[in-house]
Amino acid sequence: MALVVGGVLTLGAFIGVFFWAAVPNFGYVRTAGYTDSVRYQGEFEQTITEAGYLPNYIGFSATVETGNGAVTGTIASASDDAVTLSTDAGSEEVALADVTSAVVTGSEYSRPDWGQKIFYFHVPVAEISLLMFGVAAYFGIRFIMTRRREFDVQARVAMEATLLFITLTMVTGILWTRAAWGVWWDWEPRLTTYFIMTLLVAGYFVLRNSVEDEERRALYGAAFSVLGFIDAPISFFITRLIPSVHPVIEKGGLEGPMLVTFIVAQIGMLLVGYAFFRLRMGEVAVRDRIEHAKTLLEG
Amino acid sequence: MPAEDGQHMDAAPALAVSGLTRAFGVRKALDNVSFELPERAFLSIFGPNGAGKTTLVRILATLLAPTSGSARVLGLDAVQDVVELRRRIGLISHSPLLYPDLTAEENLLFFAEMYGIGEPQARVTELLEAVELDHRRLDLTRTFSRGMLQRLSIARALLHRPDVLFLDEPYSGLDPHAMDILDGLIGQIRGNHTFVMISHDLDKGLELCSHALILARGRVVLFEPREAIDERAFRETYRSTVGMGVA
Amino acid sequence: MELRTKEMLMSMGLYALLTMVVYFVALSQAGAAVDPRDIAAGLLWLAFLFTSMLGLNRSLVHEKDQGCLEALLLSPVDRPVIFFAKMVGNLVFLLVVEVITIPVFAFLFLQGESFSAAMLGQIALALVGGSVGIAGVGTLLATMSVNTSGKDFVLAMLFVPLIYPLLLGAVIATNAAILGAGAGAYWTGMAWIGGYDVIMLLASYGLYEFIVGA
């Protein structure tokens, strides 16, 4: 019980902090290649080949190439299909469809906008889902070694928690992608990996539901969760290899209140995860006792 | 040290089961089963569906592991000495355990190889003749009738000359001719083999056995040598357990 | 075994060919805009993936029906050996289908291209690497899925997310080989295939003996 309260409290606290803390002002840099994960703190120059990403660079100087030449100026505003640059000669609007490439320069990249708020929620849930997956795999292994039912129960509950958190991760991820890049989906490493993970977790439950025999069900589930947990990190790293021009998000540094909020959020989410686990275990245990009693009564 | 040759020790049992339990959570398929069976005995196991008969046999045949307790077959532990034990036991089950796309002969040769039998061809021929399937040796097993499959299955089980034979309802689905052949075969090798048979046929089971075991709900209801059994009392007990169903 | 081998190969081979036809239909509207060479790798592996799932399923369902697996388990053969035997069996089937399919694919979609021996060698290596992974993981998963009520659906559900990294690596490598994109991309892909194969095969091998007896 205390855990639940603790979990809920922390969650509440973190929501409060979330709204209290200033809009995050941390920089994150888009790199066109996957080979470097350098954090830009100083001057940078970025070549962008996907016009759709231009609206993200409002306030920066850019040289935009179109079919009929180049426009240099500061990106003043953007709409769904055009960016407006203020050049020496005044403002000029460039349709995104005409843009072939652009070079953006700046001294520090920061993006103040609401989309970032989701980050506080998104990253912790993503981390917890991965953690829970690991926990499930751990219990799975212990079950395989000992064949004791309680390990299977714990593994299953951990997987349920994983399912919950990973669904949250996907939803917030999609929202963030939309807010950050203007598209609803992108096959970038993290999103793709989490998508695969979602499939793995769903697969776990599909597998369990399709097996009649209890012990076999537990065994199969355990085996699959172990394989899945090995697969997830592999997927992540390999998706980064895709030779495409899609940018990758690299995280920059966090300062001050943002950092605090972030850490509080993580702890809060961890506690929420744990509370969920315990609650559900309690529920399952009660159910089991009822079943047990029923069995004994029949005897 | 487990005794390989029973002659050197008094009454070294072919089967020694002690406190055997197989449970998952609360459900127990087998609950503290204990008994001993001397060599060259014929044990008939009776009991209602779900009593744990098949589970018991599968544990003894090394196909399943118990949750607790021990089972020793021919002095070998069914969990620790698995590989060694498998060479000395055979199982005949409801399914024929044969490859449908191979011929009878190929099937037997394949398993002969698995068991590492010397001079496989000779042994295979010998067995094919014994089960009266020699004339069908080159036919695919998928074309066989149930009786023939069962006979071939027996041949397969006997390839490696096991000391203990487990039979899981071997007579079910057989026509009288096949039943006769099976009877004949069992009669032939009875002398120096130990048998464990699960049967729903009370008469047949009692007729063949030297010991009888009744299981219900995973527990031993009765375990007696044949001589000690009063038929009527036995049938009474049996009938009363049949109503007991699954745990 | 012979009859069944032929039957399996026929069905897997025909299945792959059918996939080709579907490809044609799928791509027919793109016309000249799509250069088949660019997507050849992806298309090929797609075909192989689904063909392999078909094959895996059939081979193990067949066995389960007659309880043959149980007979094997009864014999004094080590469980891991059974795993390897099955895996190799599945692998061989897959490789044979691949070897047949690729020339057909080239004939249908890649007319006018030339293939150097080195390129073919690279492609072959990628094929083997990918197929090994598919066979290994697939054998383990199929052993489980035949005991479920969903059978092929369950296999697909479990197989695709697990095989994703391997598939990606294989496509990267094969693509690099076909386009002659240079050793860098190719060997990166191959490295991934190699890594995946080692890790996942070890895991499958380790898990198999717990799974198969259940």
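Should a chain be cited, it is by its letter among A, B and C, assigned in written order, with residues numbered from 1 in that chain.
Just so we're on the same page, contacts are C-beta pairs under 8 Å (C-beta built on N, C-alpha and C of every residue); 3 or more make two chains touch, one makes a residue touch a chain.
Owing to the predicted nature of the structure, the values given are computational and were not obtained by experimental measurement.
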Comparison of A-C and A-B by number of C-beta pairs in contact, larger one: A-C
Chain occupying the middle, per Cα centroid: C
Maximum centroid distance from chain A, chain identifier (CA atoms): B
Whole-Å gap between the CA centroids of chain B and chain C: 40
Rounded Å distance between chain A and chain C, as computed from the means of their C-alpha atoms: 31
Centre-of-Cα separation between chain B and chain A, whole angstrom: 57
For chain B, residues contacting two or more additional chains: 65
Numbers and ranges of chain A residues touching at least 2 other chains: 215
List of chain A residues in touch with chain C within their complex: 144, 196-197, 199-200, 202-203, 206-207, 210-213, 215-216, 219-220, 223-224, 226-228, 230-231, 234-235, 238-239, 241-243
Residue numbers on chain C that touch chain A, as the complex places them: 137, 140-141, 144, 147-150, 153-154, 157-158, 160-162, 164-165, 168-169, 172, 185, 188-189, 192, 195-196, 199-200, 203-204, 207, 210-211, 214
Touching residues on chain C, where the partner in the complex is chain B: 1, 3-4, 62-63, 65-68, 70-78, 213
Residue ranges of chain A touching chain B (in the complex, touch as defined): 147, 149, 214-215, 218, 288, 291-292, 295, 299
Residues of chain B touching chain C in the complex: 61-65, 83-84, 86-87, 89-91, 93, 95-102, 106, 111, 114-116, 140, 156
